[in-house]
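After the structure tokens below, expect a handful of questions from me.
We just call them A, B, C and D in the order they show up, numbering each chain from 1.
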Amino acid sequence: MTLVLLLLIPFLAALLVLICKQPQRAVRVAMTAGALEIAAIANAVWRIGFEGVLEFGRYLRADGLTAFFLLNIGVILALVLAYSIGYLRHIPAGRFSSPRWFYSLTFLFVFTMIAVFLSANLGMLWICVESTTLASALLVGFYNTKGAVEAGWKYLVVCTVGIAFALFGTIALYLAAVKSGVNPASALDWAALMSAAPSLGATSNLVKLSFVFVVVGYGTKIGFVPMHSWLPDAHAEAPTPISAMLSAVLLNCALYALLRFDTITSHAIGSGFSHSLLLIFGCLSVAVAALLMVVQRDLKRLLAYSSIEHMGIAAIGIGIGGPLGLFGALLHTFNHSVAKSLMFFTAGYVRENFGTLRMRRIHGMARTLPWTSAGLVVGSIAIAGLPPFGLFISEFMILTAAFSTSRYLIALLLMVALSVVFGALLHHFQRMLAGKRVDLPEKPKLLPTDFALMGVCMAILIVLGIHIPSAFAGILQRALVVLQ
Amino acid sequence: MGLIELAAAKALASSAVFLFITLLMMAAAKRISTCIVLFSIQSAIMAAEILGMAYAGKSVAAYAVAALVITVKVIAIPYALFRIVKDLKASQDVSSSTTGAQSVFIMAGLILLSFFAVAPYAITLRLDEDLLAAAVALLLAGAFLMVSRKKALMQVIGLLVLENGIFVAALTTTYGMPLVIEIGIFFDLLMGVFLMGLFVFRIRDTFEHLDVSKLRRLRG
Amino acid sequence: MNLAINLIQALLLIAIAPLVSGIIARSKAQMQNRRGASLWRPYAELLKLFRKQDLVPDTASALFRFAPVILFAATATAAAFVPVLHPSALFDVSGDIILFVYLLAIGRFFLMLGAMDGGSSFGGLGASREALVSALAEAPLLLALISVAILSHTVSLSGIVLATVRQDPLHLSAVYAFALGALVLVAIAETGRIPVDNPSTHLELTMIHEAMVLEYSGPSLALIEWASAMKLTLILALLTGIFAPWGMATNASIAALFLAPLVFAVKLALLAAVIAVIESSIAKLRIYLIPDFLGMASALAILAVAFTALMR
Amino acid sequence: MMQIIFNSFLVVLLIIPAVTLVCRRGRRVRFAPSLLLLLVCVAGAIVAAFSFWRGDRLAVDLSWATPFPFALSVDRLSAFFLLLICAVGAPVTLFSISYVERHYSQGKADWLWALLPLFVLSMALVVTASTAFAFLCGWELMTLFSAALILIDGDSERRRHNIFIYLLMMHAGAAAVIASFFLFLPHANGLDFAAMRGAAAAMPTGMRTAIFLLSFIGFGTKAGIVPFHLWLPKAHPIAPSPVSALMSAVMLKTAIYGFVRFTFDFLGGGPIWWGYLVLLAGAISGLLGILYALTEHDLKRILAYHSVENIGIIYLGLGTALVFMANNSPAWAAVALVAALLHSLNHALFKSLLFLGAGAVSEATHTIDIEQMGGLLKRMKLTGIVFLIGCCSIIGLPLFNGFVSEWMIFRSFIEGSQLQGISSSIVLPLMAGVLALIGGLAAACFAKIFGVAFLGRARSPQAEQATEVARPMQSAMALLAASCVVIGILPGLVVNPLAVLANDLMHTPVLPEGAFSISRTLPWIAACAAFLMIVIAGLRRITRITPTWACGLPALDSRMQYSAAAFSKPLRTVFARVYKADRTVDVQYAQPPYFAKSVSYCSVRTTSFERSLYRPAVNGIVNIATRLRKLQTGNMQVYLLYIFLALIALLVFMRFA
């Protein structure tokens, strides 16, 4: 029953927000719906903690892995909604762009993402991932500017094509399952496939074919390097709360889908094949993204490439496997989502006050926007993977895993890339932060919610950096059990 | 009755050939409207195949899926595309980056390639080889159309051909996927096309042209 | 008893320093067919200077007056390490080669500072040239001493002298030749004799040591003169000790004790005469040729050290 | 008892930043954070001294809190370096109580008092860590806090560029250190030092060499060895004086600690070429450090280059120890190690003294360029004397602490001649020549600094009106100077416990007898020199103050004195090839071509590692990145093409894999 509630609230909220006319009421409805949704997520995670697996009918299922990713979307949803209060004050009026439309599309987007996490059936999983693309395409093109429309169009077409390949992969897996004796009715159910996995060995080359298509398909949504080209445009042109949602949750959602397939294939034909593919894409993404970050000119594009790089690191973590590698990878996705949303919020404030995101034109930020630049500095130190913050812990884990399985080249590449990223971030931000006070057209005013927002992000990062709370570690352990 | 089943199976095999023909014609097509017509023919052939399989396999679900394909893919989408073409008064030219002859040769190459690609799987899985080959051919053709054609509408048609390919792949499994999933996928593709249509209008408003290759502002 | 001999030995070195510079001056005069001043003139000069007033420039700080004192004290302490009459000097501790070299370095450093405190350009001129010479002279001096020390398996000056005394004179190795060459060149540079620096002129182009002490007068000048004379004596005693130690009193018998000083005096006089001959026969080098002069010394020293391993 | 003090030492360091924020306002309470930090440093010094002399082990385990094992344990080696940190930290804090007061506004001072204790804590963390995670946390935090402290002084374009290079190189060095830690993983079961120590013996030689090289590069970058020294002359001079004193004196030593911990404690020595590599690096660093220092006339840049030189001397000591271990004579290896560790302590003391002196001078004359100073010894008596003691120690003159460690390094060089192989019995004694040359050049360089800055005539109005600095600053410097002289005269205090420490590391029972003979004779020599000086100084002499003799000219002015550039000119011509300086001399003629009105001379050193080594590397990365950027063409068809190519590539890979 909790699962249905999880889905129902955002769907109803999307409709309700459309109905109420004035923006004030829409915002209030949206906030209450958001709060309800977060409560439902908390309740669901709590229940999963006790009962292990929740099921509802044939198509909704939630286990340890889902609980972890639900927690992720819950935290980010709270942050984004808090941020959007301040953000909506100055959305340029446009045919579709009013708070009503913004919130309804956002809740639709949340609905589709939660559906992805809850779907028990791989076909259903594909449908929900495709619908996330559709829901977010409108949000990316929300502002009707030339850049936004172009980014939205490219995002829609490239992701749909990519996802089509994932569908082909799902069908191939279905074919392999049916051929090796799984009863067709439940051949796409994840649980059934997991139990029948050893028998899938018979049609091993079909399973390999399916995993290749799935990696390319969902890889496009995750933003692995050869298929990443849509990501910088989409994340840079989307409204800030949405680019935070895209970077922090949508990429994790696609990674979740890939993880589901990876568990099946590694149980069926051993993890050698799938993990080597993940390692290839991971290393490629880390290397190319790190290099591209050096020559970026726009702040949001820089953050988008950093998302590609961190997804690459997570893929390397999964590719190395083992308890430490997987734990590090999952922890890395969570840390990255919090740090990246903090960075996008500060980018949003910079955009509001400086009017531009071109890093060459922004100077004297430290003195004009002290609190925003503090957030930016903390975020960039976290993203560069330096000690006091959580990302250092997860990168430390992944490196330990890499070294203990004596994969020296990958570890070397990872460290070189981290240094290049550190250099790039330092190079860009030290030019933006330093310099004399710039007198802005209108006085920069940060709402109390914005302070709270940045404070919460920093607190999460530092807490995860020093000591992982036992409850959170428990959720992570349960997610690992599912993956093992 | 065995004769009729045999006839149905034969019809299924020959239909793959018709699919190949529509692909070749689509490659040679110069105007968008011809591509739309060819697309609807292709979907009609696919619907016939589903009916043949439904008749052979006697599964009610297949009939429902066939009816869905006919209403949406043969009638609704081509009609919508024609209306968009008329509304936008956009030039009908396909503006392909490869000449007609080159396109046809490439399309033929892709069809042959799909046969080789499918060979190892068809034998082990005792599947209907040419149907699986048709699926892969449609997939590769859709991809080729999207890469080579510059017009936004042709991107949409390329995507639809690609999805047809996946649909045919689903058909090669004896009774197709569970109905709910089939309908879900269908509905998603429909939504996808609808949104692309919306974006085509948006591009029209903001850029005053429909040539996708000119959308090059976001670089680096 | 031993301590007494050593103490006398150190005081002897300090006392006869002016005599050595007197001998050199006298033999140079003889070389130039002049009668030259008496051997004891340097002592008279020191007495005269000690009675004079000490002129201190107005810009100078306290360091100006303390520098000569430190210079003299350091050089005197260094005297305690050099064995003259008896193979074991006052302080005979392993590793005093380095200590001996660095004690001389203290004196040089403070003299340079004292010179710069005068506030005139001569002080800076002398100090900067002295810096050049001392920086390049320290390495060959130390390497030469180390090569001899390695050969005689000890690390103290007295140990070296003891080893060479016991060694039969015919068993000479190439190391001694190179080390002698290096030490002679460094000795000339350190004590500021002709090819490197001309002690008797006040010509801006050539003087190094003289430029530094231009501002000094009275007792301070006396201390400096005595200290530089003492450094000359120390190095000559070192050369005789290491390369010609025969005649030193190996046992404490009365005869040996009387014979040793005589032999030492003769050797010292001979060396002083040799220096005088060198000084009056060679012209002074240009400042920028000094590095090559000291480069030659370093090369010899390096060869000496290398040959200690090769000859084994 | 010691354990309680040690725990409180760590905790108080953590809460001082909070204390600074709390009592920013109160007049009376304003000095609370600084006095607290002073107290903590003294307590830390006491704990470290006890643990260093008595050898009792302290341990703190926080693994329950942190995701990875995080434990601190103080053995003799850690205690020695902790003593070094606190022994320098206390006077620096004392100095900065009044220095910060004058130099910085209230806001900046609060920042400095908040960050300084954290900086000291991170260094203490590095030296006492007993697990890799704790070590690396301390290591990265140390860099971050030092960068933040540098930023307090302002953020002009040049400073930002220097900090950028500093942070980038520290990060690259840290990556190498992390790699060298993790290379233990396949063999050691955990990442704590005990497991690593156990696993090191069993590892294949290839792995040990990889770990050695990585730790050499990683710690070499932080220590400032020549190829990686680029950041040192850029970062130290722009930091506030107390901070650059701490960085130069103590932060470089944490790198030495790391290197010693890795090569001697974990790996326990290796093939002989390790020793030669370290010797070579030490020699080059020593020589280049000095030669570059000769050309500078910014006081803090000179001292920064001298840090490179002294680190070179320490690496010479370590290299000799490695050579001895390779020739399995551990007794003399222990002596060389004692020499290197003693020189790190000595360097910490006199370098912090010199930097504080530079701070005091810059505070009094508002400039740091020695060409503008002159005659400061008269105007700032105590600072002058204290700076002179610092100069004498750094040159290594007897009766000062620099000499003791250099003597021991010389002693182990000479002992090197007794080794069997022809090569090592030549290399080590020749290194003595290099060290002597370094000593000679150092004497010339510091004669220049002290002569030009403190003696002669004041060269600028500010130098004219310079007055002595405040009392706490003087007492801090006096404290350090006293410690230099005490160690110089009674080295036994530090040498004996260090000998015990070296024995532990080298597992040798006792040290060779002749090794430390110097520590017995130095007091005697000091007594004898003092006696002579008193006797001579006792001669009452009438002194008369007269104007300097100016060859009959009316009066000398300050421009007639030798400037720093002129002083080092002869040496610079000798080493011209090292500098490849491009000289510009332009003459304004009152009436050409005879009567020149003014001649201006400027010679700039053209050789620099930045241009020949680092610039090409950075440009390489940027070129690759710009080419990669072109892949993002903006044309959607090309993006789709990428996806299909990726798919086809994978299918082909699958076919053949």
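Assume contacts are C-beta pairs under 8 Å (C-beta built on N, C-alpha and C of every residue); 3 or more make two chains touch, one makes a residue touch a chain.
Keep in mind the model is a prediction, meaning the values are calculated, not measured.
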Label of the chain whose CA centroid is most distant from the centroid of subunit D: B
Between the pairs B-D and A-D, the one where more C-beta pairs touch: A-D
Distance from the mean Cα position of subunit C to that of subunit B, given in whole angstrom: 103
Separation of mean Cα positions, subunit D and subunit B [Å, integer]: 71
Distance from subunit D to subunit A - Cα centre to Cα centre, in angstrom: 45
Between subunit A and subunit C, centroid-to-centroid distance (C-alpha), Å: 80
For subunit C, residues contacting two or more additional chains: none
Set of subunit A residues in contact with two or more other chains: 153-154, 157, 161, 209, 232, 295
Multi-chain contact residues (two or more partners), subunit D: 629, 632, 636, 640, 651
Chains that touch, pairwise: A-B, A-D, B-D, C-D
Subunit D-facing residues of subunit C, complex: 50, 53-63, 65-66, 69-70, 72-74, 76-77, 80, 91, 93-96, 98-99, 101-103, 105-106, 108-109, 112-113, 116-121, 123-125, 127-129, 131-132, 134-143, 146-147, 149-150, 155, 214-215, 218-219, 223, 287-288, 291, 298, 301-302, 305-306, 308-310, 312
Of subunit A, residues touching subunit D in the complex: 153-154, 157-158, 161-162, 165, 208-209, 212-213, 215-216, 219-220, 226-227, 229-230, 232, 273, 276-277, 288, 291-292, 294-295, 366, 381, 384, 386-388, 392-393, 396-397, 399-400, 402-404, 406, 408, 411-412, 415-416, 418-420, 422-423, 426-427, 430-431, 433-435, 466-468
Interfacial residue positions of subunit A with respect to subunit B in the complex: 59, 121, 123-124, 126-127, 130-131, 134, 137-138, 141, 144-147, 149-154, 156-157, 160-161, 164, 167-168, 171-172, 174-175, 178-179, 184-185, 188, 203, 205-206, 209, 232-233, 236-237, 295-297, 301
Touch list for subunit D against partner subunit B, complex: 629, 632-637, 640-641, 644, 651
Interfacial residue positions of subunit B with respect to subunit A in the complex: 120-121, 124-125, 139, 143, 146, 152, 155, 159, 162-163, 165-166, 169-170, 172-175, 177-178, 180-181, 184-185, 187-188, 191-192, 195-196, 198-199, 202-203, 206-207, 212, 215, 217-218, 220
